[in-house]
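As written, the chains take the letters A, B, C and D, and residue 1 is the first residue of each chain.
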Amino acid sequence: MYIINYIKTVFSTVRSMLVGMRRTGYYFTHHKEIITEQYPDNRDTLKMADRFKGEVVMPHDEKNEHRCTGCTACELACPNGTIKVITKFDITPEGKKKKAIDKLVYHLELCTMCNLCIVACPSDAIKMAQTFEHSVFDRNELTKVLNNPGSKIMDGVE
Amino acid sequence: MYRTTEIISDGTKNPPLEGGEAGDFIINVGPQHPATHGVLHLVITLNGETIKKVEPHLGYIHRSIEKMCESLTYRQFIYVTSRMDYLSSHINNHACAMCVEKGMQIEVPARARVIRILMDELTRIASHELWLGAMAMDLGAFTPFFHTFREREMINEIMEDTCGARLTMNYMVPGGVMQDIHPDFQRKVKDFVKQFQRKIGEMDEIVTGNTIFQNRMKGVGIITREDAISFGCTGPVSRGSGVSSDTRKLFPYEGYENIEFDEVIETGCDSFARYMIRIREMQQSIRIIEQLIDNIPEGDFQAKTKAVLKLPKGDFFQRVETARGQFGVYIVSEGGTTPYRIKFRSPGFSNLSILDHIARGSKIGDLVAMMGTLDLVIPDIDR
Amino acid sequence: MFSLADISKTIDTWLRLHLNDTWTLVVEMVIAGVSVIGLFAVLGLVLVIMERKVSAWIQIRLGPNRVGPKGMFQSLADTVKLLVKEGLTPDGADKFLFNLAPLIAIVVAMLLMAPIAFAKNFQLWDMNIGVLYITAVSSIMVISVLMAGWASNNKYSLLGAMRSGAQIVSYELSAGLSIIAIVILTGSLSFNEIVQSQADGWWIFKGHIPVIIAFVIFIIAATAETNRAPFDLAEAESELTAGFHTEYSGMKFALFFLAEYVNVFIVCAIGATLFLGGWMPFHIGHWDAFNHVMDFIPSSMWFFGKTFFLIFLIMWFRWTFPRLRIDQLLNLEWKYLLPISMFNILLVTAMAILKWHF
Amino acid sequence: MTNEELKTTITGLLADASFEEGGEFLTVNVEAGAWKIFASHLRYDESLQFDFLTFCTGIDWKTHLTMVYHLDSYTYHHNIVVKVKLDAAKPEVETVSDIWQTANFHEREVYELFGVNFLHHPDLRLLILEDGWEGRNPLRKDFEDPVNMIKL
């Protein structure tokens, strides 16, 4: 009995090995199964998912106007202190003082892409961009000002 | 052997550990070691190849998330929990969201609940796929790692489409989910299910059926039923010892009670039983996904909630079943906008504590197999 | 027809024209030494890129594809990197032994090259005890591994070296026994005669099942002796980080690396010589036309083709199977391979006495 | 067992046990001195059999500390929360790591994060923090670390 078991073990072992080798051999000969993406080479054709959270940006229209009212909802929503809203007071044509943003400072190095600021924004002034190549040589470059210089708030956004 | 003994017995250079004897062969596995998948530090006392004692040293990646959460609001603290068990980040977020909902008594819309379950199960599959590859790599077979990553990549793409991130999604918010599912979601999930069912058989050929694999895992790391319960093991680790511990069945949440699936239980108590549990659990997850993917109810994906969440005074506990076991969130509230104290009951922490118990008397190679089937994720242990 | 033997003969006659016998011998030895080193370098480069490509294709990857066409020069770039890297010697290490170990590894690999018949009438040294010489010299390999593990003063290295010692010593038994199977059939220890005896058919075809069993055992034992997966316990990446060469870096590591691949080549060359007919072309009975076509392929091509087929087989093992545990490894040898090969020797002896083979 | 039945059984075991109302789980307040005996009752009593310690942790209430134990029973699938009030200056409680082995690690964690001294613990050493942190307990409310804590 021992001998029969012994021979059985040898054969089942060899069989299981061959089954595994058949599968790896299949992949060795079938190069169509390869799914590698050659990243820096396919940069032109690479399309990120449209909801991909790469960094926070503030879209401006062609008249260099944005939708940010400076309400600091994003600043409050942020868990890491990534966003800092610096406000100023504009003089409207009627001569009234109106609160507006001077700078919206965004620390990319602190951001965890949690999307809470985007959800919190009441006027849809900021959104997530799909860029992802954020490496820079100097850490200071990661601190960004989101509103363009000289930009104004869009008409009709309160 | 004189060098090794000399250094160990020399108290100034390398003091013997408590309970150690001069002449013990002590090896540091970790904090940087290929088998620990992170910064786990195990001090192993050896007698030849046989392990006499395993002593885990933790804290290399401890970020004190519990303390951090004390200064974050109930909306903000959820994203931090993705960084604990990063392989089942959805499920961690889910637990936190549910705990806040329990305190606030928010009714979650049916659509959001189904989306949450779908995401949970996809995460579970992704986590088990990674575990399968990593465990095969621990045992010395490099190929399955890449094969399992092919399927995991499909899940990651689904996550990327809907949640905007691949690993730390922060998709669950109190009251529902952050965004509605992507229009392609259902099609892609069905593609994935098809691909998964076509390819899971290959793992049987390369891994499960292989005699070397079976010999490496069978009879290794025996956890008896009593030990599994006493050491607080949950998830596949305890179910491999015949304990019915699936939180989805014991304390159903989020509508799991209405879904047909089997709790996978094996009675082998060894590494191979734990291995089979995870393989079969993936198939159960596929079963859940197949039931739900065509039946996502219409409606809101998020309940209307107040801008500022304030939990009433009291303590709230919510547990879920992650890929690694029972994950619990315990919030103590004083009525403010931030929690007074948060405790995360992480499955990896309890599962790790049994390692010393089961590793004694086995070989170094066995230790790797045991750590593989305990499925330790170090940030989950350290928090 | 391209033939290595012709080239060597031409060089020999030319040298004898211009120099006396002693100087001819000296110059020829230098040429042989340089060619062996050259072969080493080429083998290292080719086998590394081959391993990386094989593993990549098995793992549904592309593999190296940046340096040169299809990444063919990747291993060249790696060699340059290893050459310019600093070769550290740890503080607590036994410096002499630590630096000696990789040299021994590479010298042993070079010595093993001597009796191998690369092509028809092309052999460095046709000694009459070639097989014995190979089995004897290859045992020295374990000394270098033990030396490296011991001298590193690292616990991982020591464990790896001890494992390696246990492993190589035990697997040498069954490797030797399966080689003896062919020696019994041939009745000679000389590689040249072994190849000549296969002129009418390779041993694997005309030796029936016992020789096939011997061949399988030889391949398994050869994989184990060269410390390759599934028997890479001496390195055991996930257990002992890198085993006996944990502390090695730069060129010293490269020498171990090179020695590993050259050893793979050598055991596969021996396997090809003993079981697959060495440089003998593939002949079928009396199909003269077919046999003639086969003869037209240079004998060196046959030799390298067979060797690389076996190398591919060993690489295929490596990228399919998990590692064994140390006790299972020894079980496999002492409980399975050794009894089977001993029994097999009986069969082969009976076969040789009764002339059952073709 | 339902919460009501549990309540009666537990009152039978521990006469001066007080219950907290309103929570999801049945919550029992126990004195530090009575905890060990009560714990072994919870674990070994035939009708209770709380064999699974989900977690135990501490809460710093500034005036005092509270140990919270969440217990489950795999046999009867009921659960209970036990709270033990400790002195803030000298927090001490008996270990339960001999009853539930998992408490070994959990108590070591509480020991270093809250400074609770578990009497008769087999291996009460720092688990997460590095050497030299004895006596400084990061999860206490009064803990200050100007170097490692970043205030936003």
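We take it that a residue touches a chain if its C-beta (ideal position, glycine included) is under 8 Å from a C-beta of that chain, and two chains touch if they have at least 3 such contacts.
Everything numeric in this text was worked out from a predicted model, so none of it was measured.
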item	value
Partner chains that chain B and chain C have in common	A
Nearest-to-centre chain - CA centroid comparison	B
Chain at maximum distance from chain B, centres defined as averaged CA atoms	C
Centre distance in Å when chain C and chain D are each reduced to the mean of their C-alpha atoms	63
Chain B and chain D: spacing of chain centres that average the CA atoms, whole Å	24
Computed distance of Cα centres, chain C from chain A, in Å	51
Sequence positions of chain A contacting 2 or more other chains	17, 20, 23-24, 27, 35
Multi-chain contact sites of chain B, meaning residues that touch two or more partners	143, 147, 150, 206, 210, 212
For chain C, residues contacting two or more additional chains	58-61, 319-321
Chain contact graph, described as a line, ring, star, complete graph or other shape	other
Touching chain combinations (by label order)	A-B, A-C, B-C, B-D
Interfacial residue positions of chain D with respect to chain B in the complex	22-25, 51-55, 57, 59-60, 68, 70, 74, 77, 81, 100-102, 104-106, 109, 127-130, 138-139
Partner chain A, residues of chain B touching it in the complex	72, 75-77, 79-80, 143, 147, 150, 153, 157, 160-165, 168, 170, 173, 178-179, 182, 202, 205-206, 209-212
Chain C partner contacts - residues on chain A that touch it in the complex	10, 17, 20-21, 23-25, 27-28, 31, 33-36, 38
Footprint of chain B on chain A - complex, ascending	12-13, 16-17, 19-20, 22-24, 27, 35, 48-49, 51-53, 77-79, 112-116, 119, 128
Complex contact set, residues of chain B against chain D	57-59, 62, 64, 66-67, 102, 227, 229-232, 243-245, 250, 314-317, 319, 326, 328, 330, 332, 340-341, 343, 345, 349-350, 352-354, 357, 382
